[in-house]
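One structure coming up, written as structure tokens, with questions to follow.
In order of appearance the chains are A, B, C and D, and numbering begins at 1 in each one.
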Amino acid sequence: MPIVFIPSLLRKFTGGKESVVIPGRTVGEVVRNLDQQFPGFRDQVVENDDLKSSVAVSIDGDLAVGGLLEQVSESSEIHFVPAIGGG
Amino acid sequence: MHEFSYEAPTTVDQAVKLLSADGDSARIICGGTDLLIQMRNAVRKPRLLVDVKAIPEMRQISFDPKTGLKLGAAVPCIEIHENQTMRKYYPGLTEAAHLIGSLQIQSRASIGGNLCNSSPAADTSPALLALGAVAKIAGPNGTREVPVEKFFTGPGQNVLQKGEIVVQILIAAPAPHSADRYIRMIPRNEMDIAIVGAGACVTLDGDKVTAARIGLGAVAPTPILAPKAAEYLIGKKLDEKTAERAGELAREAASPIDDMRGTAEYRRHVVGVLTRRALLGAAERARQN
Amino acid sequence: MDTPQTHQFKVIGTRPVRHDGLDKVIGRAKYGADYSFPGMLYGKVLRSPYAHARIKSINAEKALRLPGVKAVVTHDDFAPQTTAPVYRMGGEAAVNPLYLASNILAKDKVLYAGQGVAAVAATSPHIAEEALGLIEVEYEPLPIVLDVLDAMKPGAPIINTTIRRKERPDEETNIAGEFQFKRGDIEAGFKSADIIVEREFRTEMVHQGYIEPPNALGIFSGDGHATVYTSTQGPFDVRIMSATLLGLPEGSVKVVPAEIGGGFGAKLTVHIEPVALLLSKHAGGRPVKMVMTRTEMMRGATGPTSGSVLRVRMGATRDGKIVAAKCWFAYEAGAFPGSPVWLGCFTGLSPYNIDNFLVDGYDVLVNKPKTSSYRAPGATNAAFAVECVVDELAQRCGMDPLDFRIKNASREGTPSVMGPKFPRIGCVEVCEALKRSAHYQTPLAQVPGKYRGRGVAIGFWINGGMQSSAIVNVHADGTASLVTGSVDIGGSRASTAMVVAEVLGLRAEDVRPAVADTDSIGYTDGTGGSRVAFATGLAAYQAANDVVRQLKERAAKIWEISPEDVDWIDGKAVSKRNGVAPLTLKDLAPRLTRTGGPVTGRANVYATGVGPSFAGCLVDLEIDPDTAKVQVLRCTVVQDVGKAIHPSYVEGQMQGGTVQGLGWALNEEYVYDEKGNLRNASFLDYRMPTCLDLPMIDPVMVEVANPGHPLGVRGVGEVSIVPPPAAVANAVSAAVGTRITDLPISPPRLYRILAARHG
Amino acid sequence: MAKKQLVETTINGEPVEFLCEPRQSLLESLRDILGLTGSKEGCLTGDCGACTVLVDDRPVCSCLMLGVEARGKKITTVEGLAEGTKLHPLQQKFLEDASLQCGICTPGFLMSAKSLLDRNPNPTEAEIRYALAGNLCRCTGYDKIVRAVMDAAKVIQAR
């Protein structure tokens, strides 16, 4: 099952857990499953059925360009990170 | 920019007439490197600009070993720098002129403009003070001569009356074994306004100083002389120690402020450093004259 | 194995003359301000003299009566805006349109001196300027807060009364955002440390210093369409933001990107484009040209980058292993939320593999301009603090500063501060190249009467990918053209065209690159985040391969074989079946008509596989002990560039970023008076380096291929600005024996340190 | 409105007449009246040098000179640097040495450098840096600009 790393400021939703192993084939499914286990988590990262503007997802080190639709594998490492900016 | 009209007279008389006729709202343009910026910022709003660059006597440099220098107030700084007489007899003033802005600015800016803009930080003013220069002024009531040390009355202010023009800068021929030097402190290597400027002119008899003048910029509401520092040196050998002491005395003459270019504390310190360096530099040159 | 490092490229890695170069050296290149249209008006913006004030009334009657004045607009002429985010940068960056509109033209309150209040269009720029003086604005001044720490204190003047911290919903605050990254057990980490260094650092706001004033020429058509000509880094960003502010559908706005005279991040958003359109709309559709003055842009109309307070505590074992780090960063957001503090939090410690850390970041409102991006935004501030502490740790451990860094360096598989593991990166390689450099191998000679010092620092930048589109057209004469949506700010037309030339077997000069307007090319994110050579390069690569696929079909047709039996090798179609002579693009191009018609390749990418980049800076300098003036004597910049497509322009990025960093280190800063007025809003007093202040900047390119890109390319635009301030501070510290903690290290500042030391 | 004045001047070797208001700078006159947009506006305070032109063979910031002051002068702009399609060695070396990135400062640098090489065909690096100190570039760090001027000097000397 994929492993999700919880951002520091959201760990209050996961009882302080830094990472959670959770089933899911897409980022959206992973988030839904996380929310069942840790109610309120979804609202921290999702808005209007898409990732929040301030949130990006990294899967195995690469940006999940498909957002919630991005597929994840059984061995994926999933990180929620702030959205990018640049000069 | 606001609206104005423009005239380019070819004689001083015409210029004086134009300036007198248009009340307080006429202004001379020479290099324009300060004025146009002030006008863009609406700091000055002249209705008439009188361009003096077509007046021949204001564009000439003439030197006579007896009577000294007549420097046209409108001569661009770059021409001063390129002039062999200026380099030989007034190296400090020449280097001050060559420090103003970039080469682009020096192609336009003049010592007369630098003087009349009357910025406390003007580079050529301390050099002129050190040389005991005199401004030859033409006006509706004829001409008069004002020593540079009496020329400034405040930041951006001077003794010029309505209709008056600085036509020439008059400087005595350098005495034997005398020379001048100008140094400034800027954070970059070019293109800055002096945080402090120091001009020195010394005359030596053997090892001893027989005459000295020190002009300072950017450390008071106007460019100033540091007479106590200069007097201290008379009769003394100019070396690191006496120059250092003169620098300390120059510090006492300064009344600097904090601004975006530097702190008062820093300025007070650097006055001493630059005075010392300018004096030693002038003395080194004087020994060769 | 054939890798980007071993492959024998024909075009990539060479240094051809850039395609747009000629127009730029003969004065023909058209920048935004160079466009003119018949009947054109000129727009100007009235800006607030107050740093914080309520706008009680705006009366434009007198201005409108001035002959030549055609329109006056204010915030209320924009379409009504909400705080619901508008997405740009491919949805990666959200913009609050109410804040955006209010920053451009203030709504109800002005929040910094220099904020737009009203705008005028007139028949000449001079008349427009005069009209500004006739607009009567009544202000009610409010208390201001300028210092970031003051702004965080309870009881500080509140800049935006709607902002709350999550855990304190009832309290008004200037803290607009909080970020945290955490790993391991920080207390245990510090307990295991033999040496701990803790310092507080400060930096001031700095400006990008692009030379070209922001400009926009807006034409509002009667049919509801609008066109903007502008020098922007992000034409599609201008499109969505202008459309939003004017209440138009996105597709009805066309943005024509002009040549751009520098941006460094500041021109990724809109500043006057929507105003030019608004004025055009109110002036009966006449074209309106606007060009900002230097004073306007310095005062913050385009946004500087943040000043900051940075507290760093790091611990290491005696043998030089960093075991714990704690960072506390507060960045000035300016008048609206959105400093790059989280990027500082992310990047500062990322060069190092540290098991225990805690990084806290605060985005803080102050009555200064809304900050905007500046080359590797947020990273330079953080690296300044971290790299100074790392330097001191190395010193206290008695280790060479580069050996210390190599020992602790992040490598492939090291988790970055955000958590995801690094792919193949070149942090160690950069440090090693610095060590090997002739510069590092030559000791710095001391001279009597001067202080001399050497300093080193490294830096990290994440780089961007995002979306790009590219079209490659094949011409009958055997040349090709490349059309992209990426504004070329530093030579990217050349590098992307070279990629196409490499694939198609052409010379660089046989591929003509063009930057298209927003109607003529698919969506393309802005030129920022060091993404163009990487992502638009990838689109160009794929579009060229799309051409190759079609050329193989044409060759197959000519040879009467199946396309599967055709290879494309070294720019030639080669038959697998028999010994027919290969066909080049030049051979095939005249035969396209009879083999199926024109060939166009296209690609649209949302690029993944971004390769982060590292750079290092080594600097020697000399200090005049009497005046405390610092002179840089020698400077070397090392950077992992992945694969340098056009090495000259890669070097140029490295040198340019380094010099911006040196300027930041030594003299650049925003100086405010107590009323919040910027005192040095000019190039005279905002002291960027001139060429007389600098030595040659020696660039050393290290090529660690990015495994995420077919050519090994990494973004190269930004990271070089990150290390220099720390490198300079470390060099000054070495020279004078006192640790430097504040930027810039200007003569008055350094004098105070020297004077205190001498007592 | 202050009366427009007729200015007779020589620009890039051609006699030119134009009408301008006294408040229009030489830069505005070149760009907005004569359509010579090669000279760039960067600061309007004489600090960036992007508007540098030669007036009677001396470098001048055209933003700090009035159009009416051009009367009787010989003005050279970047558009007059090449001879037809034959580039000046400086232009050629700026291209070959990759001395421009965004290119906005390039016309000003070319004019300052031309002024230097016209006076001093064999300048040292320090002399080049001094002569170019009135021109700001934010992209290149100046390295490749200085090198191009050195390289152009070599070409000129070899002639």
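Here, a residue touches a chain if its C-beta (ideal position, glycine included) is under 8 Å from a C-beta of that chain, and two chains touch if they have at least 3 such contacts.
Predicted model, so just to flag it, every value in this text is computed and none were measured.
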Steps in the shortest chain-to-chain touch route ending at chain D and beginning at chain A: 2
Most extensive contact between chains (C-beta pair count): C-D
Centroid distance [mean C-alpha coordinates] between chain D and chain B, Å: 29
Distance between the centres, which are taken as Cα means, of chain B and chain A, whole angstrom: 69
Intercentroid distance (Cα basis), chain C paired with chain B, Å: 43
Overlap residues in chain B, where contacts from two or more other chains coincide: 1-3, 189-191
Sites on chain D at which at least two other chains make contact: 21, 23, 44-45, 47, 130, 133-135
Of all residues in chain A, the ones touching two or more other chains: none
Which pairs of chains touch, using the document's own definition: A-C, B-C, B-D, C-D
Residues of chain B touching chain C in the complex: 1-3, 41-42, 185, 187-193, 195, 259-263, 265-266, 269-270, 273
Complex contacts: residues of chain C adjacent to chain A: 85, 87, 89, 91-94, 178-183, 208, 264-265, 268, 340, 342-343, 346, 373-377, 418-423, 462-466, 528-531, 606, 608-610, 708, 718
Sites on chain C touched by chain D in the complex: 15, 17-18, 20-22, 24-31, 33-34, 36, 126, 208-213, 259-264, 291, 293-294, 489-491, 646, 648-649, 651-653, 655-660, 682-684, 688-692, 694, 696-697
Residue ranges of chain A touching chain C (in the complex, touch as defined): 5, 7-9, 18, 53-54, 56, 58, 60-63, 65, 67, 77, 79, 81-87
Parts of chain C lying in touch with chain B, wherever the complex brings them together: 126, 129-130, 133, 295, 626-629, 631, 666-667, 671, 679-680, 684-685, 687, 689-690, 692-693, 746-748, 751-752, 755
